[in-house]
Amino acid sequence: MTAPLLQTRDLSMHFGGVKAVRNVDFTLAEGELRCLIGPNGAGKSTFFKMLTGQLEPTHGQVLFRGHDISRAHAHQIARLGIGIKTQVPSVFDGLSVRENIWLAASRLHSGERARRLVNEMLERVGLTDAAERLVGQLAHGQRQWVELGLVLSTDPDLILLDEPAAGMTHEEVLKTAELVREINRSKALIVVEHDMQFIRMIAKQVTVFNQGSVLVEDAVENIMRNPLVRDIYLGKQAAA
Amino acid sequence: MDLIALLAIQVLYAVASLALISVGLAIIFGMMRVINLAHGEFLMLGGYAAIVATSHGISIWIAMLVVAPIVVGLIGIVVERAIIRFLYGRMIDTMLATWGLSLFLVGLTTAIFGNTTVGISAPLGSIQIGAYRTSAYTLFVIAIAAIVLGGIFAVMRWTRLGLIARGTMQNANMAAALGVNPPRVYAITFGVGAALSGLAGAVLAPVSGVFPTIGVAYVAKSFITVIGGGAAILSGTVSASVLFGTINQIATFVTTPVFGEVALLAAAIVLIRLLPQGITGRFFRRGL
Amino acid sequence: MNARGFNVLGLVLVGVIGLAFMILTPRLAELDTVLDLTVYMIMAVLALSLALIWGYGGILCFGQSAFFGLGAYTYAIAMFNIGESTLPLLLAIILPAAFAALLGYFMFYGRISDVYLGVITLTVTLILFNSVNSTAGPEFHIGAARLGGFNGIPGIPPLNWPFDKATTIDLEGMFYLATGSLLLTYFGLRLLLASQFGRIIVGIRENERRAELLGYDPRAYKLATFTIGGALAGFAGCLFANWGNFVSPTIFGLAQSAQIIIWVIVGGRGTLIGPVIGCIGIQWLSAALGANQPSSGSDLWSKIFANAPLILGVILIAFVLLVPKGLVPMLADLGQSLLRRRRERAARGFEPQQAE
């Protein structure tokens, strides 16, 4: 039996006295789309940071296709095939959209092929018209798409999206959902979101985080009806 | 036995003078995250202030302990209002602007006082330790350092001013919401840091004399002491001074003063590499 | 004309002006003017080394003079020991580069950044200054070369034609070498920065985290950039030792490091031509104000204007507060906004007819 695409075993992150992530066991199959939800401070972004090598876990393991990447450097993990769109867009503000995407694409390709791929990616994220503009001057929604374009251009097999619909207009949210579904046809995704409408547009399986650990994992319809989940969002203590 | 006592005094002196020249910078860096590369020149100006005051008949003690801090403190407030306050949050630009200020002050004092070393003779004469004689002034410097550090601790811990300063340092917006005026706190903090540097420069003037470029010798050492010490002002300065001062003095004792300097600088590089947050980034973190 | 057009035009202009300058100056100018211009060219190479490291690489190096000085001293010491200049010239490039690589490894692989980089590089240059400054006695020598301490090393033999000890370089030759080196360095760096490597280091400067998440190892790229900059500065140092036939520990001093930074700030970070202009401009200004003369004048003029630290200090403060991007980017921005306004006015000129 082949190893799952991503697996974490007993993954934990402690900052001094704060246990941001506790003993998380998580599994994702090739090509699967999983939504990750939970109230603020539940540890979702910290979890992502450990998957991408930005943080070294206090203990536990992260396995990518069976290889232990728990202590690998961020750039090594990126080369293995994990890409992330961060909560606050992390792009090259002083460069144009085209230059941004080119930087990502040129790691895998060069010259004419790279330039063609850049044009295709600009089409895909709908930024062909804005290609020469400085990213720092774009609207928030457009910057998110620039970042998506960056991530997709490195052709990762697993894409982490941290609040991809945040701060977007309804139009932009629809477009992003469509993009996510399209990406999912060939790539695995983990999507963190608060926007329940957005989640219903894309999700099948949902994992719920609370206070650093996994509360429940279920299909999206059941999650919506789960009283525990409602409680943590409404602030009541989850019943044991 | 006397040799050990002598060595101990020299180590204490090295630690004390390092702490003295660094504490003004530590306050400015610790409270405002401002890197003041004109710090050496504040020390230099303190020395000149003391010398000018004594040449006008003022007692050397008052010149060193009162006139110099006040003069340099006022200069500090002017600098903060004229230059620094436009650059908050821009650490690199602050470094560059204060470097420009440093050059300017060197040029200015050269124009006013000329290039030669001016000195005051160290008061207090010498004392006997067994078979050795050493300057009693050394003990004075150690005492002043202890008093200054103790005074700062007292003000920070037990006075309202200290509390306001610490609060503003932690969270300027919150402090403002509570009625504190952050710009005024910053100006006063910078002024206090400058005043302490002026005091240090004046106190050390009898030891090495004063000339316009003496700041260069001070700035590097105080910098690495502050950065090596880390975010906590007092415990950082003290721990880094102890570490570097001891290494400096022992290296000097074993080889030459020049190599002592080099050893201090090299130790600093190693420390920053091992503890990028400084000593109090890892130890004594809750300290003042 | 679009941005790319301007770029090419600029390059052609630089090439043409540079070549003309190089060929015509020795024919038209006095010998001591040529001598002065030579050192401006050499310092401009030094300025370019920091422009690469800091302006494009984003690495704050307060001790670029360390590599400059190492290059000069290495050339001098090797020259006294070997007697023929081919190897000393190579060593003057390789040794500073190696030192930069070592220091760079220490810093970048230790994840040290920003402020702390500045402090460490500053400290390194101070260590070099303090160490070399104290080597005044005859017991301090490397082979046949006395280090000289604060007295420096005088009488450094000039470069000779490779492997031909007899044909040494003369004043005019030195000018050609310096100017040619500057032009080569400028165009070489333009090529480097247009390449994938160049674009990656700019990306790392813009957002190191994102560059990492795309799969680039920032530590390796910064190390490479730092090493190249060190090599360039070392080469400039070798040329400098040849220009004056003398080197002293002040080459490692804070004043020298400050000057290099000021050139880059005044000229403009993120450009190459800016630091060159800033360097030549400020050097010329200092000379014109008589600041390079010993401060013998007691009149107001020499106290204030022939006072290099005073003037440089004011310039640095003024630029950080008022022109933080530097001259060339500011002029470029000005030019762009003027062009934009002209285009807008031209577009508006058509509207009344369309509104009907």
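All chains are identified by letter, namely A, B and C, in their written order; residue positions are counted from 1 within each chain.
The definition used in the following text is that a contact is a pair of C-beta atoms (placed from the backbone, for glycine too) under 8 Å apart; a residue touches a chain by one contact, two chains touch by 3 or more.
Given the structure is predicted, the values throughout are model-derived calculations rather than measurements.
A.B. asks: Going only through chains that touch each other, how many steps at minimum separate subunit A from subunit B?
C.D. replies: Tracing touching chains, the least step count from subunit A to subunit B comes to 2.
A.B. asks: On a CA-centroid basis, which chain has its centre farthest from subunit A's?
C.D. replies: B
A.B. asks: Name whichever of B-C and A-C has more C-beta pairs touching across its two chains.
C.D. replies: B-C
A.B. asks: Which chain is the middle one, judged by CA centres?
C.D. replies: Going by the distance between chain centres and the overall C-alpha centre, it is C.
A.B. asks: Would you mind pulling out the distance in Å between where the CA atoms of subunit A average out and where those of subunit B do?
C.D. replies: A distance of 49 Å separates the two centres.
A.B. asks: How many angstrom lie between the CA centroids of subunit A and subunit C, rounded to a whole number?
C.D. replies: Computed value for the inter-centroid distance: 43 Å.
A.B. asks: Please work out the Cα centroid separation of subunit B and subunit C, and write it as a whole number of Å.
C.D. replies: The computed centroid separation for subunit B versus subunit C comes out at 33 Å.
A.B. asks: Would you mind listing the residues of subunit B that make contact with two or more other chains?
C.D. replies: Within subunit B, no residue contacts more than one other chain.
A.B. asks: Using the touch definition from the top, which residues of subunit C touch two or more other chains?
C.D. replies: Subunit C, residues with two or more chain partners: not present.
A.B. asks: What part of subunit C is in contact with subunit A in the complex they form?
C.D. replies: Touch residues, subunit C against subunit A: 196, 199-200, 202-203, 206-207, 209-218.
A.B. asks: Residue numbers of subunit C touching subunit B in their complex, please.
C.D. replies: My answer: residues 60, 106-107, 110-112, 114-116, 118-120, 122-124, 126-127, 130-131, 133-134, 254, 258, 261-262, 265, 295, 303-304, 307-318, 320-321, 324.
A.B. asks: Where on subunit A is subunit C touching in the complex?
C.D. replies: So the residues of subunit A in touch with subunit C come to 52, 54, 73-75, 78-79, 83-84, 86, 90-95, 99, 102-104, 106-107, 110, 150, 154.
A.B. asks: Going by the contact rule set out above, which residues of subunit B touch subunit C in the complex?
C.D. replies: That would be residues 35, 83, 86-87, 91-93, 95-97, 99-108, 110-111, 115, 216, 220, 223-224, 227, 256, 258, 261-262, 265-266, 268-269, 272-273, 276 of subunit B.
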